[in-house]
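Both complexes below contain subunit A, partnered by subunit B and then by subunit C.
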Partner chain A sequence: MRASVLQENLAHGLSIVSRAVSPRSTLPVLANILVATDEGRLRLSATNLELGITCWIGAKIHEEGSTTVPARTFTDLVGTLSESHVDMALDVRTQTLNLRCGASNNDLKCIDSQEFPPISVEDLSDGLEINVADLKEMIHQVAFAASTDEARPILTGVLIKINNDKITMAAADGFRLSVRYAPLSSSASLPISAVIPARALSELARIVEDGDQTVTMTMPPGRGRVVFQLQNAELVSQLIEGSFPDYEQIIPHSYETRAVLSTSAFLKACKQAEIFAREGSRIARLKIEPGDELEPGTVEIQGQSEETGSSENVVDATIEGTKLLIAFNVGFLREVLDVINTPNVALETSADTSPGVIRPVEAEGEHGEFIHVIMPMHLGS
Partner chain B sequence: MPIHILPPEVASQIAAGEVVERPASVVKELVENSLDAGSNSVTITVEDAGKRLIEVADDGCGIPIDQLSLAVERHATNKLDGPEDLHCIASLGFRGEALASIGSVARLTLTSRTTDTDLGANLQVEGGHASRVLPLGSPAGTVVRVENLFYNVPARLKFLKHDQTERRAIDKLVTRYSLAYPLVRFSLHQDGRLALQTSGNGNRREILGTIYGVEIARQLIEVISEDDWIQVLGFTSPTSLTRSSRRELTFFVNGRPVKDAALSAAVIKAYHTLLMVNRYPITILFLKMPPEMVDVNVHPTKAEVRFREPDRIFSSVQRAVRRALLAHSPVPNLEFQPHWSDGAAWGEPHTIDPTWGWRDIENQRKEGGAIPEGSSPTPGSQSPPITKSGLGAQPAPLLRPVGQVASTYLVAEGPDGLYLIDQHAAHERVLFERVMKQRDSSIPSQILLQPVAIDLPPYETRLLQEQLDILGKIGFQVELFGHNSFLVRAVPAILENHDPAASLRLLVEDFEEDETPLQAELEARIIARICKRAAIKAGKNLSPEEQRALLTDLEACQSPRTCPHGRPTMIHLSVDLLERQFGRRGSR
Partner chain C sequence: MHRKILHLDLDAFFCAVEELKDPKLQGKPFAVGGRPETRGVVASCSYVARRYGIHSAMPMARAVKLCPDLIIISSRYRDYSKISKKVMDNVHDLTPLVEQISIDEAFLDCTDLPETGKYVASQLQTIIRERIGLPCSLGVATNKLIAKIANNFGKASSKYAGPPNAITVIPPGQEASFLSPMPVEALWGVGPKTAERLAELGITTIGTMANYPEADLVRILGKHGHDLSVRSKGIDERPIITTHEVKSISNETTFTSDLLDKQSILRTLRKLSENVGKRLRRANKCGRTIKIKLRWSDFSTITRQLTLDNPTDQDLSIIHAAENLFEQSWCEGKAVRLIGVGVSGFVPPIRQLTLWDELSGHENAKDNKLQNAIDNLRDRFGDKIVQRASDLS
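On to the complex of A and B.
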């Protein structure tokens, strides 16, 4: 293999795929990045067997070939190259990759590409096109609610459901649930329901680029995998098996109290309460107080700890229904308010032990596409 | 009082005391009789923890009418002939004592019919006096009813343990027998509740599932080993599955449950270097050997035996278990090789109690308050209490984080040299003090999106039921939900990142029988276990900020130098020691 690339392109390609490298695997080749010529471009791939990322960069190919290069050394080296042109040449017999850039001349010990597990190249017809901006926002609003506890694999994933021309994503960690709907431009031929690791989706959101308008999602039947194709990159992830909790049943359909308040003021109040609740219980107490003819309603957000003291914030709100005291994990509140884009947000609940529902307050006529449910905390007797 | 021969009733009550200590012993004797009779099915009914009723019905060979009254006589048995038989006992019974003993401390009704006759018969014994034998129609097999146990021995009645404890002992006993005899269908009802039911299809793993839960049963490793004269069959846990006591080491020798410290030691030895200190496996072994190799006639309730060639047996057991373990998975070696040439050179006297258990904390509490007491002391206004061990309640030195080693230990610089901090133990301490402080007001609890159901084996069900109140106080909201299952509705906030069902299961596994009656102490003990689970695990990478935060939190603790279980959180290598080790200064 012989090829010339721009340092900038190579560095960028490596930064995209290196997140899938698994340095501590028992399979040494998984700590490497596959470099292969591919129809006039250079293909870079890394995989940890659960997640695989591939990226194509422009290159001048002088001789076809492939090898796998130790990721760490490769990335560190390329990051320090100062000239723009990089020439690579592989000695197939010794599996040594020579990398020249200006006055810098380096030899890297590689592992034969035969040992690298095949990533995809499956039949990718029948894919579904999704708008990138939508997808990024959906992932942003949903993935954080997935669990990080490996003991319950299904909850570390995000459920993706596609029905006709609607796509739904949902994630839940046992205490909260995030659900987001979006319309699809093209409708799917068959309904799809699959659970994708939240981590894979976060990586996907990270690697999409400005130039990407749409991403094509494919789930080859019976393979237990999903493939996302972008213009110059591809992400393959293992699906998580098992049945996802019936989230629709968790979303309450009515409320006793509804507070509408400024998202940014609510978020700021939560951040302040969190400073005090950081050690200890992480509780934010909310006092929802309806207004009268003279005074507006208010939501008081309070955080406290034995060591640091306490903080109180009163935010004006439009309250429908009865007065209520309720407590939530302040981190959960902050995380959801962080991903709400509308100026106002609604908090709906029925009692201090029933779920709190948080929705963006959309402009007149639009209907809710995002719903978040948080279970309250209570203080033991 | 002159010496005289005791009246027969008194003598027989004394003898009975040896055989029948508690309701579970009655169940044991009756079940063994049913098994000796070759039954396929044994049905046990217990009321009021065995004090009102214990009934065991079987479909075994039955007792011929003309021998019915002999069966309840002392030293009457059909299992032994002459003295030579005593050396090779193949049946569970051999003394001819059980029925007679039971009959002298309870009302015993014996009903039986052999398969070859149409008419059965029935007889009653009360206070040692047998009624006449009455013929009557009955199903083939034997039914023994024992009512009003110990009615005439009030002292014994008074010293019985808590009803719950007695019920649990019966549950446990029957489950053990059902494991040893998987081809026999067992069912046990206590106060109308079905506590155990086995199918008799020979599948031991299925029965293990009812005892330990399906998940654990699946993990247990099968032990199969046989040489010319001893067979070792059974199950043992992988090294990842352990318990805090030897309680789950169970042995059967020729179908007989046996307590034997040396057998336990053999199993523990098989795990040598594979388990952490004070962790024990779950092991159930069935040993089979020629009857003459084992003397079963050494203990009044037959709970102990004597082996003819103990060493040979122990090494067979050890080898069998070790082999099963190693075949199961290659295991890491935990053996500690001290690297410092001079063992006594630790920066300060490190008296670590090797039995790190609750004892430690109890002692420290008595001696100086390792556990924060109800009212938190005003900070700074008191000199730190010093415990006897010199550890515990000493304040932590000011520490500057240097880095992390093996994703498990933090390295820090202190006023006098180097400190190694165990991140898990340190975090355990931090969480423990935090929760103990919250306990004064209330411990926050996080409600679950959907309640989670967990199924528990019968005796764990009882253990959990007894502790529901306390669990509620510390943030678990759990309720009984039908037969042997529970619904978890909320968990303590610090367990937020853990599977609620698994957390509760772990807690219950560590519940001991007869937990201390002191409520506050029990609460602290359970809180310590919860913190252990919630604490950062060894092997987790910590960012520099996280390292700093942990050290700061630890410094703020009242007893920063030990974890709530009494293990050290930090090791100190003084500048002096370093200098000597590097040969900068001669050792003194």
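On to the complex of A and C.
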């Protein structure tokens, strides 16, 4: 294999795939990145067997071929190259990759690409096209609510449901639930329901580029995996087996108290409360107080701990219903408010032990829907 | 400005409650407490019984010797606490500044009330007599120390055969002269040992102690000497403490006869644990430290404790921990006289609620529900309505 690439392209490609590298695997080749010529481009791939990322970069191919290069050496080296033109040549017999750039001449010991897990080419013809901006936002609004506790694998995933021209993503860690709906530009031929590791989706959101308009999602039947295809990259992830809990029954259909307030003011108040509460119980106490003809309603957000002191913030709000005192994990509040894009947000709840529902307050006629449910912290046993 | 502190004491409270339930007991010598054959002690005795020389904390066996006709009634603690609560609710109607010091005793700070302390006292006495039907005595003074001693003094001076219904007022400025002729033992914190030391110095009355140089008392008795010197002058600045922080909840029992049988001991241990759990839940507290106390037949006593990862108020976790500690301390063939279980290390009972109880990884949620159901049943139908299978025998 002999090829010439631009340092910038190579560095960028490596940064995309290197997150799938598994440096401490018992299979040494998984710590490497596959480099292969592929129809006039250079293909870079990494996999940890659960998640695989591939990207293609422009290159001048002088001689076809492939090898696997130790990821850490490769990325560190490419990151320090100062000239833009990089020449690569593989000695197949010794599996040594010679890499030259300006005055820099390097030999990297590689592992034969035969040992790299085969990357089967899927038939992507009945893939589903999803708008990249929508997808990115959906992942952003849902994936953080997934659990990181490996004891319950199903909750470390994000449920993706596709029905006709509607896509739904949902994630829950047992204490909170994030659900986001979005329309699809094209209808799916068959309904789909699958649980994708939250980490894979976060990586997908990271690697989609400005140039990408759509992403094609394919779930080859019976393969237990999902493929996301972008213009110059591809992400393959194992699906999580098992059934996702019925989240719909958790979303309350009514409320006793509804507070509408400025998202940014609410977020800021939560951040301040968290500065104090993070040392202790991580609790933010919310005092929701309806207004009257003269005064607006308010939500008082309070955080405290024995060590650091206490913080109180009063945010004006439009309150419907009765007054209420409720406490939440302040980190949960901050994380959801961070992903709400509308200027105003609604908090709906029925009692201090009932779920709190957080929704963006959409402008009239807006579609797309986001619902977040947080279980309160109960003071008292 | 002088404070107006009242000390309220329900006269022979347990007995008064028993008389309320069974008026035939009136005028008869009776005592509430444990049976004489089971090492019981007198918790409270009627005024008639007192004439035989019976007093509370006396072994019941001795009481029966003093008065063979003594009627013994076993304690109905639940009834007493219920009525005590009613009394205290009435007290709270007068002022929020109430410090309850036991089931039948409380201090009140009435400084902010327009009426005189004496008037408030007689008002309270009337309320408790008319609304609840119980006699009580009150001491009125400028501080807690004098109010309590005044009350004790007033009750002891009663010439009636029945409940004293006393109200004793010590006007401001007369605290020291009121204490002066009293024996030093009347002061809180003077036990037999201290009294002996003081007697060696020629101090037998509070008045002599008040005149004794404080520095000398401190030299002889240490810091305690300072406290005593101040108190003997009738000075007591302690405020009424309305909230009382509980640091631990425990329960112990002495076996009627020393026990060798492990299963019986474990059964008691479980019962005590359940009792502690119930009180924790009532008090809305969760603790992390579980402690057991064992007294062997030779009176040597050990305590063993462990700390849980998560604070608990659940019977089952307390039982498991207590059994665990017991297994580590138990010696085959060694008879147990007393056993106790306690929980401390309280943290605020804050719980993150979960979306799906069964999925959350906190199986506790189910246990909590079960526990609540059991508590409800027991509250309505008594403790025996639900029992552990292991305790059925």
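The rule is short, and it goes like this: the second predicted complex is superposed on the first by the 376 of 381 C-alpha atoms of A that agree within 3 Å, B and C clash if a C-alpha of one lies under 4 Å from a C-alpha of the other, contacts with A are read in each partner's own complex, and residues count from 1 in each chain.
As a working rule, a contact is a pair of C-beta atoms (placed from the backbone, for glycine too) under 8 Å apart; a residue touches a chain by one contact, two chains touch by 3 or more.
Remember, predicted model here, so these are calculated numbers, not experimental data.
**Q** Please tell me, clash or fit, for subunit B and subunit C sharing subunit A in the overlay.
**A** Clash: subunit B and subunit C overlap once superposed on subunit A.
**Q** According to the stated criteria, A:220 is in contact with first (subunit B), second (subunit C), both, or neither; which is it?
**A** neither
**Q** So in the superposed three-chain picture, is A:148 touching just subunit B, just subunit C, both, or none of them (first/second/both/neither)?
**A** After superposing on A, A:148 lies in contact with subunit B but is clear of subunit C.
**Q** Once the structures are superposed on A, label A:306 by its partner contacts, choosing first (subunit B), second (subunit C), both or neither.
**A** first
**Q** Between subunit B (first) and subunit C (second), which, if any, makes contact with A:176: first, second, both or neither?
**A** In the superposed model, A:176 contacts both subunit B and subunit C.
**Q** Once the shared chain is lined up, is A:355 touching subunit B (first), subunit C (second), both, or neither of them?
**A** Once the two structures are laid over each other on A, A:355 reaches both partners.
**Q** Regarding the shared-chain residue A:252, is it in contact with subunit B (first), subunit C (second), both, or neither?
**A** neither
**Q** Applying the touch criterion given at the start, work out whether A:281 contacts subunit B, subunit C, both or neither, answering first, second, both or neither.
**A** In the superposed model, A:281 contacts both subunit B and subunit C.
**Q** Just name the clashing stretch of subunit C against subunit B, choosing from 130-138, 238-246 or 346-354.
**A** Looking at 130-138, 238-246 or 346-354, the stretch of subunit C that collides with subunit B is 346-354.
**Q** If I apply the document's touch criterion, which positions on subunit A are contacted by subunit B in one structure and by subunit C in the other?
**A** Overlap of subunit B and subunit C footprints on subunit A: residues 149, 151-152, 172, 174-177, 245, 250, 281, 283, 327, 329, 353, 355, 373, 375-381.
**Q** So in the complex, the part of subunit C that touches subunit A is made up of which residues?
**A** The contact residues of subunit C facing subunit A are 281, 284-286, 313, 348-356, 359-361, 368.
**Q** Within their complex, state which residues of subunit A touch subunit B.
**A** 147-149, 151-152, 172, 174-177, 245, 250, 279-283, 306-307, 327, 329, 353, 355, 373, 375-381
**Q** Which part of subunit B faces subunit A closely enough to touch in the complex?
**A** 376, 434, 437-438, 441-450, 452, 472-475, 490, 493, 496-500, 502, 553, 556
**Q** Please name which positions on subunit A make contact with subunit C in the complex.
**A** Residues 149, 151-152, 155, 172, 174-177, 245, 247, 250, 281, 283, 327, 329, 353, 355, 373, 375-381 of subunit A touch subunit C in their complex.
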